[in-house]
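What follows is chain A paired twice: with chain B in the first complex and chain C in the second.
After this line comes the complex of A and B, so read on.
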């Protein structure tokens, strides 16, 4: 699993690639919380996510909750089909701000 | 410079001198180590025995800290008490002894550039010579024993300095002490593990007691829970309402371990408590959500289904908050899934409308509703393949002629097999319509 962070106009883009599971989700959690903790708007690019389990979902939820608490924008962009199925099944598509393109996401978070 | 180093391999105890006395000392120390439960006290005793036997004015025993960065004085003998003193694990004659894992004999400390003067400066003690042996077993180092200043005596043939014979004796005694320290640490670790295991067992027992008691064979709502570890993050509950209806819930807490188990206990208790007076499962889930969000831990949430069943009419109402879709089996063996209409509880208070989440109402005749956690769908069958959503239906069909409790047990037995540990907790709940009951659908 790869977890790359880049900056686009002050917005942290966290690109996840591969399986986000019990083994890899602590790394994702750490990266997301670091970005949110730095009071930066965060967009998680999930186009490369081939699998996500409940521990991966929990990492996203924790970052979302932390962002809300600190009035920081947090969203998901280009969510892969495999990840979207999991989010939809748990109705988390109603919780996260999900954008089909990075440009839409950047527009939403004001980047 | 008079510095001598010698590897801490096994050495003959004595080539001259009183072998009987030395063996007696070794035996006494061994007995102390074997019989005492207080390693600190035993080390102090052993250090005093060694110092007296080798006529040292002072002695100290240093152990490496948990990061191997510092040496901490754990026992002391002589006029100055430096117990608790911490020094850099690479400094001084003691540090060199540990780093090189060899015995160090310094006949005149003024000529040794590694000698740390600070202790003498702070205490007024005057160190002239040092004999220091590593506390180690093969390459496993735990510290060092340092003897300071050999006492002069009238019959001393070695001009008041530590001798090679002293060095050999100290090496053997230090090896014995090192082994005792390592054993004591292993014992302490085993005791600690056992304590944790007992606490987990107790937690698991308390958790099992939270599950509903077994009912009569024809009771229409039954469940099963198999934890993957000692404690479970899954739960199910079944309780009677005053008007004869049956309340039920099933849930899966995100994460594993004790924190998930605690949240599981809390969520099930809140639902059961509120469920005795509020019969709308959608409103109940919203109230549970509000309560969890007020006192919850970030990143932890619960997917759950709550419902009420009226056994006489077959009327069933349930609400699904982010949980695996319950399956309704009709009289022809067709299955229909009911996906969640609300997110899991415990994420944010404003995700649920005040009136509660949507409720599905069904009338069960010969139909059966099965609700389960993802430990079932993600479980493995005998051939190693995942159960999956379709697999659950196949397993239920395979055992459809069995009574509800036996049916659930049979499905579980296909997933929980000896020698194949579960990766996730596994929970199932079954609600059977009045016409399906006892007929083996």
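After this line comes the complex of A and C, so read on.
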């Protein structure tokens, strides 16, 4: 699993690639919490996520809640089909801001 | 209680209770399901459920101990696949394992909900002699 962070106009783009599971989700959790802890808006690019389990989803929820508390924006972009199924199972597709393109996400978070 | 149905054995997998073994479990479940003729969405749901069940064993039954053993047997009975998951941890109280309310937005506690949503049946059954827990899951091949 790869977790790459880059900056686009002050917005942290966290690109996840591969399987986000019990083994790899602690790394994702750490990266996301670092970004939202720095009061940066965050967009998680999930186009390359081949699998995500409940521990990966928990990392997203924790980052989302931390961002809300600090009044920063948090969203998901280009969610893969495999990841979307899991978000739907968790009913989180109605909770997270989900954007079909990075441009839409950047527009929403003001990047 | 009647004996669980057996069906035609497709594969038996023995792995240690380690997070890095879940990749192997997912690959075996996906291949077994595909070879039984399951559609891509059906394969995906079987993989999700078995992964979460193994994760529960690793995290809760074995408490993160990496040297526990997990045995997964996958069998076919008519139009269903049976996933029989056995561990050797201390028995868990199955009566307290319930899916949480998913309308609450909070991290964690989704594994049992995923299992119930993705499988047609998921029940704890009496484990074989010497084992700790046995989770029996079935899903119709679609």
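FYI, the second predicted complex is superposed on the first by the 111 of 111 C-alpha atoms of A that agree within 3 Å, B and C clash if a C-alpha of one lies under 4 Å from a C-alpha of the other, contacts with A are read in each partner's own complex, and residues count from 1 in each chain.
Assume a residue touches a chain if its C-beta (ideal position, glycine included) is under 8 Å from a C-beta of that chain, and two chains touch if they have at least 3 such contacts.
Bear in mind the structure is a predicted one, so any value in this text is a computation, not a measurement.
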In the superposition, chain B vs chain C on chain A residues touched: C
Which superposed partner A:54 touches (first chain B, second chain C, both, neither): both
Which superposed partner A:19 touches (first chain B, second chain C, both, neither): second
Touched partner set for A:103, first chain B, second chain C, both or neither: neither
Touching partner for A:91 - first (chain B), second (chain C), both, neither: both
First (chain B), second (chain C), both or neither touched by A:82: second
Which superposed partner A:38 touches (first chain B, second chain C, both, neither): neither
Touching partner for A:66 - first (chain B), second (chain C), both, neither: first
Common ground on chain A, meaning residues reached by chain C in one complex and by chain B in the other: 54-55, 57-59, 61-62, 64-65, 89-92, 95
Contacting residues of chain A [partner chain B, same complex]: 29, 54-55, 57-59, 61-62, 64-66, 68, 89-92, 94-95
Residues on chain B engaged by chain A in the complex (per definition of touch): 252, 254-255, 298-301, 303, 321-325, 339-344, 347-348, 351, 374
For the chain A and chain C complex, residues of the former touching the latter: 19, 21-23, 51, 53-55, 57-59, 61-62, 64-65, 82, 85-86, 89-92, 95
Of chain C, residues touching chain A in the complex: 19-20, 22-23, 26, 41, 44-45, 47-48, 51-52, 55, 58-59, 102-103, 105-111, 113-114, 117-118
